[in-house]
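Take a look at these structures.
Look for chain A in each of the two complexes below; its partner is chain B in the first and chain C in the second.
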Partner chain A sequence: MADPVKLTINGVAVEAPQGKLLIEVARSMGTDIPSFCYYEGYSQAAACRMCLVEIEGMPKLMTACTQPVSEGMVVRTETPQVAEARKSMLEFVLTNHPLDCPVCDKGGECELQDATMRYGAGEGRFLEMKFHHEERQWSPVVYYDPARCILCFRCVRVCGEGLGAYALGVSERAVGEEIVPNGSDHLDCDECGLCIDICPVGALTSDSYRYQARPWEMNHVGTICTHCSNGCKTTLGVRNDRILRGNNRDRSGINGEFLCVKGRYAFDFNESDERLTTPMIRSNGELRPASWSDALRFAAGKLKQVKEAGGKIGVVGSTRITNEENFYLQKFAREVLGTNSIDHQRSGDVVTLLDALAGRSGALATTEDLYTAKAVLVIGSDLAQQHPLVAWQIRTNWRHHESHTYTITQGPVREDLHSFARVRVEPGREMEGLETLREKLAAEPELLIVFGDAVKGEKVRELVAFGDSLGIPVKYVCLVDTVNARGAMDMGLMPELLPGYRVAKDAGQPDGMTIPEMLAARDLSVLWSVGADPLADGALASEGAFVIVQDLFLTDTARRADVVFPSASLYEKSGTVTNVCGEVQRVKRAAQTMGAKADLEIIGLLAKEMGVAPVMGPWMTDKVFAELMRTVPGYNISLPVVTTGGAAQTLPPGHRIPVQSDPALIRSVGDTLYTSGTLGKYSKKLNSLMEGPGKLYEERTVREWTHA
Partner chain B sequence: MTFSPELEAKFEEIIGKYPPEHKRSALVPLLLFTQDELGQITAEVIAEVAKRVGVFPLQVEEVLTYYSMLHFPKPMGKKHVQICTNVSCQLTGGEELYKQASRKLGLGHKEVSADGEVSLEEVECIGACSWAPAIQINYDFHHNVTPEKLDELLDGLRKLN
Partner chain C sequence: MLYNEPSPLETKVLTRLFGVPNSTSVETYVAHEGFVAFRKAVTMTPEAIIDEVKKSNLRGRGGAGFPTGMKWSFVPRNSPKPKYIVVNADESEPGTCKDRLLIEHDPMQLIEGMMIAGLVVGAKRGYIYLRGEYRYLIDILDKAIAEARAAGWLGENIQGTGFDFDCYTHSGAGAYECGEESALLESLEGKRGVPRIRPPFPAVAGLYRCPTVLNNVETYCSVPSILRMGGEAWANLGTPRNGGTRLFCLSGHINKPGVYELPMGFNLLRMIEEVGGGVRGGRKLKAVIPGGSSCPVLTAAECDLPMDFDSLKNAKSMLGSGGVVVMDETTDMVKVALRIMKFYQHESCGWCIPCREGTAWLKKILTRVYDGMGQNEDPALVHELATNMLGRTFCPLGDAAAMPTISIVEKFRDEFEAYVRRSPMANLADIDKRIPVRA
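And then the complex of A and B:
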């Protein structure tokens, strides 16, 4: 790298890498230079001229957003001349801008408002009528108000360069110039809302939030999206216990400005009319509302009775509840109920991967690695549909670092837009594609392999052997479905494995049943399902089994239940979740639903009712997390990182995991961008999208010219 | 979609002028030649041209709506009368010529006759200031235009071909 250069900004000497943009250098030292069109990480537009600064020796003011720093540069960012220039630019920007601030969504957090307050261009000298275009709705999510648009083109760039959707364009010029959607009068896109949040003004608004609230009336709670396993940070805007919006405008967390449609808009399941808000007990064949104390007594009594009689109990945990809850649940099953029959819906073969990598360190990729690896290979997943943040990271890596992307998929994927090489295979023959790419991959300095449920069991070992044979450093990501799918495995929600992948048999634990075995057991006495729906595609062979369900909605399993407890959603509780890359992140309570309780509390109350509270320990998130950190191998992570909203990767177990799990148990449910299991069914927003329910490996997401 | 052999040859020649990674630079000439041959630019043309230069159809539309000599979405007439009213021509009677033509043809700015034969457009400087006022019919320039000469030209429109 070239030597850093020395320059002065407002009299302060700084060093910066040669070629870095002046605006970035100034901002990194805390000197704000206003910008509308500039947005870190995107191509230069130099369209707004708000960033004009004085540079000694230059005949006129220069745009800091396009000016690379050089040796000896002397820069002034706040001189009277600069202020005057910015004021004049604002006067132009405001010629056709309406006086909407009192009603505009952006009022209070608008970059144009801020700049106008700062440079005082409150009065214009234009007497002509304002040029007005009507507002229009482009999709169930996106509205565009051309009158408010200041033509900074951030939206166009984030959608095209950033996401690869290329759904927005610029039409006409001069006063007629405006942003247009790809479907002439509507959008055919990912509905991610990136364009809306990146818009510096209120020209793009979302159906969910528009005219709902002013930014200062809400509490802003940074938590983790409850949908896919990628674990995006989302900031929920909450007023009176109602979630009004989700965004990541502060670019915090592992996802920067990114969120997909689910993270930004599919929080509305939370206030669905169909949320369960009271416990229910089956009497005379029907589920009827009951008090918490009656329901708890009923369920606890049954558990106790069956346990004492030595009956069979099966427990199913969830991929959407916190680590603390799953840990506490398995502890309950193993230590109180004395059963090892605890399982969850598995969606990726993490266990075999950890076993195949035993003894190595640094072989599991982080979300950041997806953005920095020199080469990435994607096997058997339509990432833009199934793992939007992973897709985003890989694309941004290519955009910023010219990394090489390789794909082995059964059909078109968004990565085709920039892939270095791609192989199409029949589903199930993904492994054959590897050899085709061998030569190219071996020539890479390093590789990151991302694989879906097409690679499981023995194939995972073959994949690792292939990685080893390349003779370069290789890291892996084993894709799993939902927000805490990885955490559920780590917490030992499997009959064969205890928390931290310790083999249950070696610890003297009895044999336990998997979900299919529970469903098939004719002598099953109790099925206890927490945030899962095992009966959605399977029936219970034991007709007399007593079914306990904790859930947000009346799922198929809940319909068959004898007792139902209404659970709080992930947005209504605190704790931690572990994402697809094994990174632990903290969730925070944003909202509340009357009548529902967090699963941890429900399990704790059951323990109390059974008189086993002392064995279980307090059902307080912090206490359970402390126990989990202490006892679960790999979870002794950095507390400061997690408590301050960071992502801390867990350590792999480090030892072999000699279990024979049936690969058939592993199956991704194949959610798309517009579906999200049970929660998705109750999101009006997701269901209103024209693009929904979406399809994997679909030409539409890629557009035909890439295949020409 | 395929174009005439002449146009295909033209396409090949133009695209060949640019390095493969910059073939999108051929967009404007391709659109102009297509417009000349087909008389209009349809959605089908956009999709085809987009594919050939490796951009999205929306990006072709961006270019089409930016350049006023590319007529989109509405095609202009077979005889497209362009009257300059920019400074030099304005000073020498360009505006009057425009009004005269508008009256005579019964057409306003960017309007097309019902039979699709003739259209009118008020244009900015066409680079013929030395011979102002100037007008352009399709690709033919007419210099130092007088009201009489304009009448003659307009009368001749439907007799051409």
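And then the complex of A and C:
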């Protein structure tokens, strides 16, 4: 890197790397330069002319957003001439702006309002009629109001450059210019809402939030998206216990400002009319509402009775509840019920990967690594559909660092737009694709391999052996489905493994049943399902089994249940979850649903009812987390990082995991951008989006939208 | 067909084939020293050719007057990327109509100029970007290119010299802004015609981000004669620092409108009187737009000056594209300002705030004033808004809209005030500023 240069900004001497943009240098020293079109990380537009500054020796004002700093530069950012220029730019842009701030969604957090407060004229001199174009709805979730648009082109860039969807373009010219869906009158896009989020004004609005609230009326709660395993931080705007909006404008968290359609809109399942709000007990063959105390007594009584009689109990945990809850649940199963028959729906072979990597450190990638690795290989996953944040990180890495992306997939994937090399394979033949890339991969300085459930069992070991044979540092991400799928494994929701991947047998624990074994056991006495739906595609062989269900909705399993407890969603509780990269993040309660309780509390109340509360310990998130940190290997993570909303990566177990992972148990449900298991079914927003789109990359060759 | 009678005062260098029968054919061209310059160039080093062009004091004919030899020397000839030759034939500046004649009468001269530029930078491919309305020129050019190819003047190993070069035409879609070099390149690449951030300049990162020579039609057409005559002799046709001849497009209130090739530095008044046959109907001269509508207007009193880049700069105007628009004493300067602003408002590409919004606002104010609904503040407001645009827009189109406006308000303020005085709205601001008036 070149030597840093010295320059002065408003009389203050600063050093900065040669070539860094003046606007960034100024901002890094706390001198704000207003900007509408400049947006860090995207191509330069230099369209709004708000960032004009004085640079000594230049005949006219220069745009700080395009000006690289150089040695000896003398810059002034707040002179009368500069203020006057900004005032006049604002005067120009306001001529055709409707100034409907009192009803505009953006009012209160609008960059145009802010700039006008700071630099604008107090009075308008524009006497003429304003240009007006009607507002239009581009998709079930995206609306565009051209009158409010200040044509900063941020939306076009975030969609094209950022996401790779290239769904937005510019049409017409002069004052009639406007943003349009590319080649169509509506959007067939990812519906991610990034364009809405990045819009400095209220020109783009979302169906779910528009005209719902003013920003200052809401509580803004930073938590984690409940949908996929990528674990995006989302800031929920909540008013009166209702979630009105999801975004991450403060760019905190591992995902920066990224959210996909599910993180942005699919919180509406939370207020679905079909949420369970009261416990139910089966009587006379029908589920009927019951009081909490009756239902708890009923379920606890049955558990106690079956345990004492030595009957078979199967427990199914969830990939959507917190680590604390899953930990508490497996503890209940193992210590109170004395069974190892505890399982969850497995979606990736993390176990074999951890075993194959035993003894290594730094071989598991973080979300940040996806953005910094020099080369990334994607095997058998359509990331844009299934792991949007992973796809985003990889693409941004390519955009910012020219990293090389390799893909081995069955069909077209969005990574094709920028991939360095790609291989198409029949499903199941992914490993053959590896060899064709060997030479190129071996020439890379380092590699990050992302693989889905196409690689499981022995194939995982082959993959690691392949990685080793390249002779370069290799890191891995084993993709799993839902928000806490990784955490469920870490918490030992498997009959063969205790929390932290300790082998159950070695700890003297009896054998337990997997989910298929539970379903097949003719003598199963109790099936207890927490936030899962094992009967969705399978029936219980044991017809007389007593079924206890904790869930948000009346799932197939709940329909078969004898007792149903209404649970709180992830947005209604506190705790931690572990994402696909093994990063632990904190969830915070944002909303609440009358009648529902957090699963931790339900389990705790059952323990109390059974009189085993002292064994289980208090069902308080913090207490359980403290125990979990102490006892689960790898979870001794930095508490301040997690409590302040950061992500702390857990450590791999460090020892071999000598169990045979059964590939048949591992199956991704293959959610797309518009599905999310049970929760997705109850999200009106997701259902309103047409099936199939979000696959722009398959339909046309999208040309790079470049303008710089 | 000639559109106007040539003037005896002309120096026919670039236009020497105008009026010669079958002037567009290879045979006619070759019979009139065609490709002699190319033959000569093949024997020269690129440096020597650039030197000759530098000596000729040829300055870009597209408007800005940038020294062509210097521009060519900026091209990184040893870059591993392909190099391109691009001809700006977008000719859309109001008052300008010379490039079309150069193409219509002598397309081979343009092709030869491109070939020589190709030799200099090592380009094998040239593109001629024509304004959309010049549909008929595409046929002429395509025919000429095909003929030149058939005769071995384009294609591989041209005339056994080992030099490969070919060229292609490409039509714009009717945007003035696509004459701006970087917007032209975007458009040529098939994208929306909006300008690029510069630097890098086209010489370094032009078409497909490769080194590119981009010049006006007339600039390329000047090159063959420069090599034939020698740079110095060519320079001596004009004035110091402003070499050669230039095609001036005389239009407006003048007796003999037309395109005339005159030496650089030709006196403007003499041009109007002697070449153009004087102001129409013997009326008095009021004002002149000296180089296309983007240039500040000159009052009659300012017109006694040599037409070269430097003299016009001294007069706080520009030589621009050579479009000389003559206006007599009956001209309504408010209407002129409005007409010019209408053009720029319509042509603003919409990329940047000051130009997109400023031209629209100015058009509205000028329309209102012209419609007799002006207010006392309007002349000052027009001046201020145009000044606020000046130097702050993304590309020079904003300046091109602001400069003539500022000059007209400054030089003919009385006309604006007369309009406003007659307006029933004149003092409205004192009553209530905020009554909307009309679209």
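Keep this in mind: the second predicted complex is superposed on the first by the 688 of 708 C-alpha atoms of A that agree within 3 Å, B and C clash if a C-alpha of one lies under 4 Å from a C-alpha of the other, contacts with A are read in each partner's own complex, and residues count from 1 in each chain.
Everything below uses one rule, namely that a residue touches a chain if its C-beta (ideal position, glycine included) is under 8 Å from a C-beta of that chain, and two chains touch if they have at least 3 such contacts.
Keep in mind the model is a prediction, meaning the values are calculated, not measured.
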> Looking at chain A, does chain C or chain B touch more of its residues?
Replying inline: C
>> Going by the contact rule set out at the top, does A:172 touch chain B (first), chain C (second), both, or neither?
In response: both
> In the superposed arrangement, does A:539 touch chain B (first), chain C (second), both or neither?
Replying inline: neither
>> For A:58, using the defined touch cut-off, is the partner it touches chain B, chain C, both, or neither? Pick first, second, both or neither.
In response: neither
>> A:49 in the overlay: touching chain B, chain C, both, or neither? Say first, second, both or neither.
In response: second
>> After the superposition on A, what does A:465 contact: first (chain B), second (chain C), both or neither?
In response: neither
> Which partner does A:92 contact after superposing on A: first (chain B), second (chain C), both, neither?
Replying inline: second
> Thinking of the overlay built on chain A, is A:117 touched by chain B (first), by chain C (second), by both, or by neither?
Replying inline: neither
>> With the touch criterion stated at the top, can you tell me which chain A residues are shared between the chain B interface and the chain C interface?
In response: 169-170, 172-173, 703, 708
>> Please output the residues of chain B touching chain A within their complex, sorted ascending.
In response: 50-51, 54-59, 61-62, 65-66
> chain A touches which residues of chain C in the complex?
Replying inline: 175, 177, 186, 190-192, 194, 196-197, 345-354, 356-361, 364-365, 368, 375, 377, 381, 385, 388, 391-394, 433-439
> Where on chain A is chain C touching in the complex?
Replying inline: 44-50, 52, 59-61, 66, 85, 88-89, 91-93, 95-96, 124-129, 131, 150-151, 169-170, 172-177, 703, 706-708
>> Show me the residue ranges of chain A that touch chain B in the complex, using the header's touch definition.
In response: 160, 166-173, 180, 182, 703-705, 708
